[in-house]
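Every chain is named by a letter (A, B, C, D, E and F) in the order it is written, and numbering of its residues begins at 1.
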C-alpha cells in the first residue's frame, strides 16, 4: 500500500456519465418542478443569449465539474461548454472553472443545480485534501466511510478520490467489516471470522474493529487483512501499530479531524478514516457570473 | 406574517411516506449493493434477535426520525419499532430516540442508512433552530434557500421546518425571484415585472433582489411582494427596512450565520435567509446501540 | 394583473424536453408493447422511405407540436422534421403543421403516439382559446384547475397557456386554497388563515373559497390574496366583485362554459376558472398524411 | 362473436393492482409536489378525523372506483374504505359510491387525485355504455381504438369494458391492422398479407382497412380475419356487410357517434368503433362530500 | 400459414432501440456497480486507445448484435463501431462480428455486458435455427413459449425470430390459451370458449390444449383457431393432425428437442413448440479480442 | 479459505425482498402486459378458488423459492402460501415445494412468472451443486463468473450460493482482476499492479490472470492475492499450484465442466470457476399442479 502521488502524477479517472446522468436529471427535475423556471421563462425576452463563468469564490479542491456541467447539457444540448479546470486539482479563489454560452434561459435555469452539485462535491474534496495533506508526511492514507449523503455514495466517494483520499467500502457488500456487535452476536471473533471465510468469496477482504491490544492480537492470530483501531488514545494506538506491523494493515478512526490528524498519522497507522468528510464538510463556495447578454 | 410559535404549540406536520419511501429504498439499495450485507449475513447465526436503541450522541433538534425508521421497516416489516422522540423537538445528548427489536441481521443491515438519514436531517434542523433562536427575539423568520443537497429538496425543506425555520421557494416553479441577471437581460426591472405579471398565474408571488435603495424604491413602486436585500451592510439594511415597511416584505441574505444573525435580525427585516443550513450544516451525531442479543 | 396580449405579442415559452421526454417515451412504449409494430414490421419492405404531413383536420389552437414530434425523434434520431406551425397559434382546417421524412416504418410506428399527444393538448388549447376570447373583452383571465388528466399536469397546464389562458395552482404545494371543508375542520376561516400564515413560506399566496357576501367580507378583513367565488348567481357575483374591488383578486368558478362565460366575465371578476378545459375538452382532429413512398 | 350480456350477467373482471398502483402513485406525487398539501397541512388541527362520501353528481356508468380509492389507501393505509358501488354498473345522480373515513388531512389531500381518476374513467365508460345501448339492438359490438390518453391505455381500455364495449388492439403488437399506407408502401394488399402471414405468430389476427367493394373482395379472397370498413356511406356499408357475411368480421369506423350509431349498426356490421370514447368523452361529474369532522 | 423463407429472403426486422436501451443501461449499471471498473480505471494509463474484435468462437446463428454493441455506445458515444455481421445470419467459428475502436477503458468496461447479451441471445437463435432446420422439411414452424428469462421476453422472442422460429404469445394478454386448468375450473371447454368469445376483443385468437381425440373434436366443433396437442405419442399425433386438417391449426408440444423434432414434424403438425429454446439453450461462445493498443 | 460445509450445516442466508421484489414485479408486468391474463379473466367464473402445488418434476437443488412465491403475493396479498422446501437443499423428482391457495385467477396468472424464476435459478443451483460435488473431495471451491444473465446478477449469484458454490466478483467494482489486455495496455504486470495498489482502497483484493509459469512467478513476486490459471493443461496446472502454494490462492478456469472438474480439482487448485453455471445451465423442470377448484 502506498500513499497516492500528487494529483499531477495521479490524475483522477472520470466517472462514466452513465453513473451520474440520471442523478443530474433528477436534480434538474427537482428544481424545475411541474412548471419550469417561472422567472426566466416570464422575464427574459425570447432568444436572449448569454455567457456565464462558473467561478470558485473560495480556494479549494475541485470535484464534480463534469457532473455539474452536465446540468447545462442535459437541459439543452446546444449549450457550448468550455472547461477550464479539472477535477482533482486545487484552485485559487476567483478561478474560472468553466464558461458556458448559449440561451440565457437555459443558463439561468440550470445554474442552481449545477452549483449545488459542484459546491457539495468540491466541499468533500477540499476537506479530504486538507486531511490528506496532514497525513501524507507520515505515509498515512486518508479514507472515507459509509457515512455519505443518501443517494450520493458514488459521487461522494469519487469526490474523496478527487481530494487525494482513498475509498473505504462502497457498501455492505464489497468487504467484511466485523464490528463489536457482530463479534458479540456471533459468539466471539473467531466464530465470526471462521463463518465469514467459509461463506464469502475469495476476493473479499476482512477487516475487524478492535478496541484493546488483546482484541488486536486475536485478530492478528486469525489472519485478518485489516484492523480498525477505534477511538484509541494515541499511546495505545502506537502500541497497536507496533503489534500489527507487517501482519495486517491498520486503520485509525474516531475523532479524526484537522486538529488531530497529524498526531494520529504520526503513530504510524496505515490509514486514518473520517466520516465528516462526507457528512459534514461545508460546501465549497462556487458561483455563476453572467458576463454578457 | 408571524414568527412561528414554539414547537410545542406548533407541531411539525409529518410528511406522507409516499414522499420519501422511494428515497429510503434507494438509500438502502445503495448500501446493500448487489450482494447484501456480507458481514451480517456471514457472521450472525441464523435467527439471532436483537434490540437496539437509536441515540442522539449530541444535543440537537430532531428531524427525519420517521424517515430513518422507515429503513428498518422497508427492509423487514416484522421489525418492531418503538418511537420515543418526535421530529421538531430538542433532545439532550444521550436521549434514546427509538428502540427497534427484531432480527439482528436486519437491524445491523439498516443501521447505517437510518443513521445517515437521521444525522443529515437533524443536522439541518439543529442549525436552523440555532439561527431561529437568534432571530426570534427580533420577530424575524429564518428561511432556507434552494442550495440543498441534490435529490433531497423535499426532505431538507422539511428539516428546516423541524428546526423552526420557514421555507423559501421549493423550486424554480413556485414563485418568481427576479435577480440581477434577470433584470439585466430583461432590459430593466419594470420590463421584467410587467412580463412576469402578464404571464404567470395569479397565485405566484414576486420577489426582487435589490442592492441599493434606488433599486428598492423601484421595486416598491412596482408593487412587488417581497424584496431580497442582498449583502447589504447593516446600516443600509436598516434604511431599506424603513423604506419598505408596510409596502412589501423584506428578506436579508448574504453572509448570514450565527455570528451575524442577531444583528441582521435587529434591523427589523422580516426574514433572514441562509444557504448554509442545507448545504453545509454538520450532521447531528446519532448512533445505534445494540443492547441485547 | 393583466390579460395576456395576443399570441403574436406574447409567444408561449417552450417546455424543456427534460419535462416531457420520459412521458413521450412511456407513451411510445405503451403502444409498441413487447413486440413492436407488427404491421409495419411485417408488411413494409426493408428500407422503404416516406414523407408524411401532420395536418390539422379542424381549425383550432395548436399545443404540443414539439412534444408530438418528439415521438418520431425518440424512435429514430434519423427522422427529418420540418416544423411548419407553432404552439400557441391558431390554424385553419387543413393546415400542414409539420412534415416528417425518413424510414416509413418509423413514421407509421410513431404516428398514433404523436397524434394522440397533439390532439389531446391542442384540444385543451382550443377550448381555452374559445373561453379566453369570450372573457377578454371584459378584461377577465381564463384559468385552469387541478382537474387534469392524471400524469399530464405539466403538459395540460402548458396547453392552457398555449390557449391564452393562465395557470391556477400546479398542485397542492404551490399555493393555499382554503375551501369550505378546511374552514369547517379548522374551526372557522380566521383560525385557518392564521395557522396558514404562521406555517407556510412568505411566497405562498392564500386564496379562500366563499359562497356568501359575509364570508367574502371575512376573507377581505383577513387580508387574503384571492377569493374564489364559487357557484354564485350573476347578481351576487356583481355585488361580490364590488365588495372585493381593490382589496383582493376575484375568481369565479362553477358552471363556467362558453355559454355562460361572457356573462360571468361581464361582472368584472378578475378570473374565471373552468375544469372542463382539461378534463372534458374534445381532442382536436389531427392526422398524418403519407404523401410519398 | 356475440354481444356481451348486460352487466349483471357479465361482471367486469377487476384489474390487478399491480397494473395501476404505480400510475396512481405518480398521480398523487404529481399533485403533492415537493411540499405536500400546504392547505390541509397548515389549516387542519392535528388529529382531526373525517368521513367523506364519494358521490356521482350525474348519472352514468362507473369505472375505476377501486383505482380511485387506491389514492386514499396509498397515501395512508389506515384510511377505512367502504365500497358501495361497482365498476360496470349504472348509477343515478346522487349515488354514494364509497365512504372513506380516517385522517381528514389524508382525505382532503387524496381527494382531487381520486376524483380525477374516477371522473375520467367513468366518463369513458358512460360514453361507451351510451353507444353500446344504441348498437346492441342490432347485435353490433362497440369497440374502442388506440386513440387513448397517453399513459392510460390499460385504464381506458378497462373503462371501455366497464361501459359494455369491447377492446380493439391494445397496441401495435397484438394484432395486424393493414391500413392504406401499409398497402401502398408494401406494393399492394396481397404482398402485405403474404408477408405478414409469413412473419408473425400463429395467434395474430389480420384486419384490413378497405374503402371500396373491390378492396373488400380482395381482402376476403386473401382470407383475412376482419375488415375495417372506413367512412363508408350507409348504402355502401350494407353492400359490404352482405359481401363479407360469413367470410370475415366487419368493423365500421369513421364518424361514429350517438347520432349515427344506430343507423350504422343497423347495416349489420359486427362492430362499430369510435375514437371519441377515449379521446373526447367528457368526464363524469363526481365529488367528495365531507359529512362529518 | 407458411414456413418462413430462409434468412436471406426474409431478413429480421431490427428492434427499435427504445425497446432495449434501458435494459442495456441496467446491465451496464449492474456490472459497473457504484465504483465503476476498478481494474481498467486503475491500471490503464489515461488516454490509451484500443481496437477490439467481437468474434464468434463457435459457429452459430447471430442474434442481438446491435443490442450488444449498444453497450459500448451507451458507455461512450465516441466509440467507433464497425458492424460486420447481421442478426439472423449463420456464422462460422472465428467470424469477426464487429470491430470497436476508441478508449481502451471503455472497451474493456463494456466487454462483459456486450458479450453476455450477444452470447445469450445468439444461444437462443442458434438453438432455434437447429430445430427449425429439422422441422422445415416437413413444413412445420418452430415456435417459442412464455418460458423465457424474466425481464428478457422482448429480446428472447426477437432471438427466436433471428433463429428462423416464430413467436407464440408474448404474454398473457395477446391471445387466449385454454389449458386443462381453465377447462376444469370453467366447467368444461364449451363454457370456457363461450365466455372467452363473449368477453375478449375480435382480434384475439383462441387456442386450446387437448390431450385426447375427443377433446380435439370438441375443440374443433367449437371452432377454435388453434389446438395445442400436448405430449401426444406420435401415433396419436398423426390421428389428431388428420382430424384437425383444414379445421384449425395444430401445435405439438412436450418433449420437443433436436432428437424428437423431425419425427414430430413429420406427423404433419403446423407447429412444434419448445420451451428449452429460451430457458435452457446454452449461450453461444463469443469473445472480444483486443488487437491493438 | 475452506470449502463450505454441506447445506444442512451451512444454510443459505435469504436475500432481503428489497433486492428482488422490483425484479419480480417487472417479470409479472412483462407477462400481464397491458390487458392482463385474458384467458383466466375471461374463462374463470368470478370467485373460483383453487389450491395448487409447486412441484419439482426433476431432482435438483432448489434456489429462488421465496423469490418465485413472491409472484403470487405481489399479485394478490390474500394468497395463502405454505412453504414446504428450502433454498439450498436437494429435492427428489416429485417433491412438493410449496402449496398456494386462493383465487384461481391469481394462481393461474402468476404461475408462469413463478415457474420461470424458480426453474432458472434452480437450474443454476443444480449445475453448481453437481460441480461442487466433484470438486469437494479435493478441497476445491466452485466459483461463478460475471457471465450472468443481464439483469439477474444478484439472483444468479445467490443461486450459485444455494448450489454450494462461492461467488467471484459481483461486478467490475468489488475487486481487481488484471487480465492479459490490462497487462498489455498498462505496459506490463508490474506497472499494472503498482498503479492499482496506489489507486484503489485497502479492502480491494487483486487477482491476476496468468498463462505461464513465468507470469505466475512475476505475480507471486508482486504479492498479488489470487492468480487465475487460465486454460492450463493439467500438468502445467499442477506445477503452477506447487509454485503458488502458500503464496497466493489459485483459481483454475477454462473448459471446466462436469467431465473435467474432478481432474482439475485434483491438481490442488483452491478454486475452479465456470461460466456455464450461469449462462448455460438448463432450467430445472418445475411445474404447478392445480389440485382442487
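The working rule: a contact is a pair of C-beta atoms (placed from the backbone, for glycine too) under 8 Å apart; a residue touches a chain by one contact, two chains touch by 3 or more.
All figures in this text were calculated on a predicted structure; none of them were measured in a lab.
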{"item": "Where chain A and chain E overlap in contact partners, by chain label", "value": "B, C, D, F"}
{"item": "Which of C-D and A-D has more C-beta contact pairs", "value": "C-D"}
{"item": "Gap in Å, rounded to a whole number, between the CA centres of chain F and chain E", "value": "23"}
{"item": "Averaged-CA centre spacing for the pair chain F and chain C, given as whole angstrom", "value": "52"}
{"item": "Chain centre separation (chain B, chain F; CA means) in Å", "value": "44"}
{"item": "Overlap residues in chain D, where contacts from two or more other chains coincide", "value": "30, 32-36, 41-42, 109, 153, 167, 170-171, 173-175, 198-200, 204"}
{"item": "Arrangement of touching chains [line / ring / star / complete / other]", "value": "complete"}
{"item": "Chain D - residues contacting chain E, complex", "value": "1-2, 4-5, 10, 141, 143, 166-170, 173-175, 197-205, 207, 225-226, 249, 251, 270-271"}
{"item": "Chain B residues within the chain A interface of the complex", "value": "23-24, 26-27, 30-45, 48, 50, 104, 108-109, 112-113, 115-117, 119-120, 123, 146-153, 170-179, 181-182, 184-187, 191-193, 195-196, 198-200, 204, 276, 279-283, 290, 293"}
{"item": "Residue numbers on chain C that touch chain E, as the complex places them", "value": "25, 28-29, 32-36, 41-42, 46, 74-76, 105-106, 109"}
{"item": "Chain A partner contacts - residues on chain D that touch it in the complex", "value": "30, 33-34"}
{"item": "List of chain A residues in touch with chain E within their complex", "value": "11, 13, 15-16, 18-19, 153-154, 157, 167, 170-171, 174"}
